[in-house]
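What follows are several structures.
Shared between the two complexes below is chain A, which has chain B as its partner in the first and chain C in the second.
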Partner chain A sequence: MITVAIIGNPNVGKTELFNRLTGMKQHVGNWPGVTVEKKTGTFTYRGEEIRVVDLPGTYSLTAQAADELIARNYIVDEKPDVVVDIVDGTNLERNLYLTLLLLELEANVVIALNRWDMVKERGIVIEVDKLSELLGVPVVPTVAPTGEGAEVLKEVVMKAAKEKEVRRKIVMGYGEDVERPIGVVEDAVRKDASLSGRYPPRWLAIKVLERDGQVLKLVEESPHRAEIMAAVK
Partner chain B sequence: MPLAFLSEGEECDIVEVRGGRGLVQHLFDMGFTPSTRVRVLKSNPPGPMLVEIRDSRVALGKGITIKIIVNRSDGR
Partner chain C sequence: MGELLRDDAELILAERRYQAIADILESTLTKGEGKWTYTDMFDHVFLHKALGIPIFLAMLWAVFQFTFSLSEPFMVMIGMIFGWLGGLAEELIANPHLASFVAGGIFDGLGSVLVFVPPIFMLFLALSLLEDSGYMARAAFVMDRIMYKLGLHGRSFIPMMIGFGCNIPAIMATRSIDNEKDRMITILVNPLISCGARLPVYVLIAGAVFGAKYAGTVIFSMYLLGMVLAIVMALVFRKTLFKGKPSPFVLELPAYVVPTAKTTILHMWERGKWFLVRAGTIIFGTVIVIWFLSVHPWAATAGGEMIGNSYIASLGHFLEPIVRPFGWDWMAAVALLFGFLAKEVVVGTYGILLGVEEGAVGASLVSLGLFTPLTGLAFMAFILIYVPCVATIGVVAKETNSYRWAAFVVVYLVALAFIVSGLIIGIGRLLGFS
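On to the complex of A and B.
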């Protein structure tokens, strides 16, 4: 069975799109933060059963807040086949921050460019193909309340699930000053095969440098902890 | 000056966020980065504020608006 996680900023229409995909009637509120725990539903597409997990809305994936940690742990530990990142098309700049964090986590991302009706209404021009090319992930315009784009999204998600091994990886560079320490810590992290097998090494390195509480705990348990922490200094 | 001192309708640019690692990270995640323009939509002194930043509306508690240091965009 294919597992698909739905994620996005608060109040971008995640639960509404979740209901569109699964035919379920999860409560949709006209305010952010309705989904605090993850919810699960299923649908069948061309004979295949697909499990959909609706994650809480977050701006980020730090280890600070419970909702962010629920979302992050699910992606990191359960490794869903596809992560559908619902992006508010009328607010690309803020929404793409979470997208970049997901790409750093090496999640198999598909972007649902939601509120496509409002994008057009407001005269905003988004080059969908260009966005897809730059981020290295499929982008599907959707309108959650009418279900526009939902069928295309299902098809793209299925295709992404089957092609997850051949996905092109995009590396976001942070400039030389930051890349140098990332490289040093990443090399140290890679020495722990078990740790770097469970989590993307570059992501671990960035989180170590950010002093992420959860990742630092993982490092403490590593036999290579001394080397990794030495690399931070 | 702290964002908390601004009145409704005023605009400012963020200079810095003075807080612990967690608060700074969280506000950065929401787009409260230096030189970003902020507009005060509603303010109920000394209580919370509703601001517009990067085309989004965000409500902030008083404790937080005191820690966001800004420059009024008219230079005052």
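On to the complex of A and C.
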């Protein structure tokens, strides 16, 4: 069975879109953190059953906040086939931050460009194809309350799930001064086969540089810890 | 890599990500020419620096005015039905014990609580409308501005808004606050937020002593008093028990939507049904105990006719000295004692003790001289402040993982209730009210 995780910033219409996809009935409130517990549902597309997991709404994926850690651990550990990142089209600057973090995690991302009606109402023009090309992921405009784009989204998600192995992977560069230490740590991390088998090495390297609590703990348990940490000392 | 060895590596990386986003958007995004959406227009008014808070307070006032005015005819209707059923039971049931149980216990006691189904549901209808339309998030936003200046965490306000419905889910909602100090403060002051269960007492007393015209405003003032006290106590706790600075808080404001009838009604029902559940369980049980104590010893009270000779009257007279300074009598003492279990019981207690038709409870509170506007106001304030219900205390114990904090909450709330009610009485008397 194909598993799809849904993620996005709080209040971008994530729960609504989740309901649209799965047809599950539940209350849609406005409080931040309405999705505290893990909600799952299923839908069938062209005879195939797809499981949908609703992740907590977050702005970031640090190890400091419980809800962010839940979302991040799910993506890292459960490796869903597709991660649908719901992005508020009227606020791309902030919303794409989470998208970049998901790409760093090497998640198989599909962007649902939500609030498409508001985007048009405000006279904002987004070149969807170009955005898709630059990020290296499919982008589907949606309007959660009316269900506009939901069918296209299902189709694109299916396609992304099937082409998981052959997808383009875009790596965002941090600039030379940052890339150098990333490269050093990454090389050290790769020497630990079990660690770099479980997590994307580049992501681990970035998190080591960021002094991410959870990743530092992982490194602590690695036989190569001295080497990895030496790279940032 | 010199620069990255410092702790701000995280900040530098975040900055670079935003730079990358800016680069991507440069070639893919053209912003609209400042076109105003309805959301922008509403926010311009609702989030206005000076007007935001007055608008929020006006909204709350309108909610209680709406709740009180619209539900009154329905309350009279339900009261009449229960009164009629009680009379019927007394006539038709031969066994005097059973007749007293059905008429006095069930219809007078439970009936006087169920009379408040209309205002409770109206309140939740109004709150659901505010929430589903997107306004509530704005209220949290405008309040956050002053709360943060006062040294309180912005996320604290959301549990406060939930507390208007019920303190139990509100205290559980504090789990979203990751700073332990911020969370503890929010839990400790949440019981001061006036929940739906306290509404029946306000409606009864305010309706009786202030009349229909001012009742809505008086009820609103109780909710306001609760919020002010919560903020004051939070400040006190911040300065004493939990020193430190609140962590900053981001709140996203959803676009306004016209709430659909289905969602709003469902939302109202979800929040309102606990009242019915409680009425059938804890309130029913407590009311039966009160009824039993009010008609026994059976011979001495002549089957509940002479309530002054009952066990409950003895208990009440024993406790009366504690509340006498506030101008309340033994019935109030009993009502407050049993009100520890659930606030609605206060109303049920008066229903039984006065033994009059449901619709007439308020009127006899005044005609018997049990409350004046001043003592009534002090009584409502006491009800507001002293311990919401046992279930809330249980949740405090569970969420703080400590019975000590639960005990602390009870002690500080009861003490605060005595202080505030005492101040109301004292100041009122100084101003010449009685």
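In this section, the second predicted complex is superposed on the first by the 233 of 233 C-alpha atoms of A that agree within 3 Å, B and C clash if a C-alpha of one lies under 4 Å from a C-alpha of the other, contacts with A are read in each partner's own complex, and residues count from 1 in each chain.
Throughout what follows, a residue touches a chain if its C-beta (ideal position, glycine included) is under 8 Å from a C-beta of that chain, and two chains touch if they have at least 3 such contacts.
For clarity, every value in this text was computed on a predicted model and none was experimentally measured.
In the three-chain model built by superposing on chain A, chain B clashes with chain C. After overlaying the two complexes on the shared chain, residue contacts for A:P223 are found with neither chain B nor chain C. The wider contact with chain A, measured as residues touched, comes from C rather than the other of chain B and chain C.
When the two structures are aligned on the shared chain, A:Q64 is found in touch with chain B and with chain C. When the shared chain is aligned, no partner comes close enough to touch A:G183: not chain B, not chain C. Of the two partner chains placed by superposition, only chain C is touched by A:L100; chain B is not. Contacts of A:G136 after superposition on the shared chain: neither chain B nor chain C is touched. Contact with chain C, but none with chain B, is seen for A:M118 once the two complexes are overlaid on the shared chain.
In the overlay built on the shared chain, the residue A:R211 is in contact with chain B and with chain C. Taking chain A as the common frame, chain C overlaps chain B at a single listed stretch, which among 1-9, 73-81, 145-153 or 217-225 is 145-153. Overlaid on A, the two complexes show chain B and chain C touching the same residues of chain A, namely 59, 64-65, 93, 97, 210-211.
Partner chain C is touched in their complex by these residues of chain A: 9-12, 27-33, 36, 59, 64-67, 92-93, 96-97, 100-101, 115, 118, 121-127, 130-131, 134-135, 145, 172-175, 177-178, 180-181, 184, 206, 209-211, 232-233. In the complex of the two chains, the chain A residues touching chain B come out as 59-60, 62, 64-65, 90-91, 93-94, 97, 210-211. Of all residues in chain C, those touching chain A in their complex are 1, 3-5, 7, 9-10, 12-14, 16-18, 20-22, 24-25, 27-33, 35, 37, 131-132, 134, 136-137, 158, 162, 173, 175-176, 178, 250-255, 257, 263, 266-267, 270. On the chain B side of its complex with chain A, the touching residues are 21-22, 25-26, 29-31, 54-56.
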